[in-house]
Amino acid sequence: MDNWLPSLITPTPSEGYDLAVKLARIAVKKTQPDAAIRDKLRKDYEADADALIAVSHVVAIHFATIAAANDHWRAVK
Amino acid sequence: MDNWLPSLITPTPSEGYDLAVKLARIAVKKTQPDAAIRDKLRKDYEADADALIAVSHVVAIHFATIAAANDHWRAVK
Amino acid sequence: MDNWLPSLITPTPSEGYDLAVKLARIAVKKTQPDAAIRDKLRKDYEADADALIAVSHVVAIHFATIAAANDHWRAVK
Amino acid sequence: MDNWLPSLITPTPSEGYDLAVKLARIAVKKTQPDAAIRDKLRKDYEADADALIAVSHVVAIHFATIAAANDHWRAVK
Amino acid sequence: MDNWLPSLITPTPSEGYDLAVKLARIAVKKTQPDAAIRDKLRKDYEADADALIAVSHVVAIHFATIAAANDHWRAVK
Amino acid sequence: MDNWLPSLITPTPSEGYDLAVKLARIAVKKTQPDAAIRDKLRKDYEADADALIAVSHVVAIHFATIAAANDHWRAVK
């Protein structure tokens, strides 16, 4: 995972949002490096409303950071 | 979902709030792409006070980001 | 609910706080539009310490946004 | 509770922190206006570690807002 | 606890982090002033992963505030 | 743990993210100094989806702070 995140800059807000989703997942990966366990857990939380809202919460924080990095894409037309 | 979010700019705070609601939902959609499962989960959390407050929490974070993007709509009269 | 939020500007911090309470409630309303269900849920969470603290949490985030919009009411005497 | 919050400005960080504690409590009061119920709930959460940490969380957010309002008291000596 | 927090300025990020830990604890102290009860609760949450992560969460918010107060210690070499 | 955090500046966002993971862990360490208990708790939360999402949440807040400290690495090419 060497330099997996070269930049927070994205051309559009949509791509910034996708990057936020990615950032939310990476912390899980770094805390639980075993992909088999993660796949098992994913089955649990994918069907759990509380967990999905919690994931959305983390994405929201990362999106705020990425939006700030991109000056909220104000210059994008 | 190509470029579903072209901009964070909205004419009014009300529309900015609606966009925040949308952003909160998109992360759920990206984590659980199956619409049938999401519909089932929606029935659960729509009648659960804790889940509704949690959704409101995520909306609040996105609204902060969108408000910043719009310079808090200070120029809107 | 057309343009229910014309501005984030309030004359005083007290009114900004009231607006934050309102913003926290609107997301619940938009997620659960049935007023009868919301009234029932309200009876639950009004008597639940955890839920009340969670509501206070959402209010705090909206208050931060509104305070920033009002330049923290620094010019108010 | 007319204009109970005339300003976010405090002379010191300590007083700013006390104001943050107050702001965290006001939302509870506005959501559950019955003082007798609040007193009963207070007995519950005062002896519950999770609830105390949750209260501390809300205080932290308000403290961030108040600190920003006071320019982080950088000029205080 | 008169003026227990004279300033948010710390020489290094490490000391800023320690101050954040302190700020997270003070709200608990102000909500539950009885030291004996707090000591009992501490035994509970010290051995509970969820509670420890929740404490870390509150510390993170205070650290953000303190880092901003110190201009992120950018001038520290 | 003397001056374990000399700076928030990192060459790349990837390294900033790693620092955020570290900051999230330190608060746990400072609250539960016993490494044997922490190792036991780690086994619990590593296999718990809710706990992993909660960890990711704390990382997101620290990452926001570190990104701000690094001016969002805008100058990194």
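All chains are identified by letter, namely A, B, C, D, E and F, in their written order; residue positions are counted from 1 within each chain.
Keep this in mind: contacts are C-beta pairs under 8 Å (C-beta built on N, C-alpha and C of every residue); 3 or more make two chains touch, one makes a residue touch a chain.
What you are looking at is a predicted structure, and each value in this text was computed from that prediction instead of being measured.
Novice: Could you tell me the least number of steps, going only between chains that touch, from subunit A to subunit E?
Specialist: The fewest touching-chain steps linking subunit A to subunit E number 2.
Novice: Look at all chain centres (mean of CA atoms) and spot the one farthest from the centre of subunit D.
Specialist: A
Novice: I need the rotation angle between the copies subunit D and subunit F from a CA superposition, between 0 and 180°, in steps of 5.
Specialist: Angle of rotation between the two copies: 120 degrees.
Novice: Based only on mean CA positions, could you tell me how far subunit D sits from subunit E in angstrom?
Specialist: That pair's centroid distance is 15 Å.
Novice: Between subunit A and subunit D, what is the gap in Å from one C-alpha centre to the other?
Specialist: Roughly 31 Å, centre to centre.
Novice: At least two other chains touched by the same residue of subunit A: list those residues.
Specialist: 24, 45, 48, 50, 54-55, 57, 61, 64, 68
Novice: List the residues on subunit E that touch subunit D in their complex, please.
Specialist: 1-9, 23-28, 30-32, 37, 41-42, 44-45, 48, 50-51, 54-55, 57-58, 61-62, 64-65, 68-69
Novice: If you look only at subunit E, which of its residues touch subunit F in the complex?
Specialist: 12-14, 17-18, 20-21, 24, 45-50, 52-57, 59-61, 63-64, 67-68, 72-74, 76
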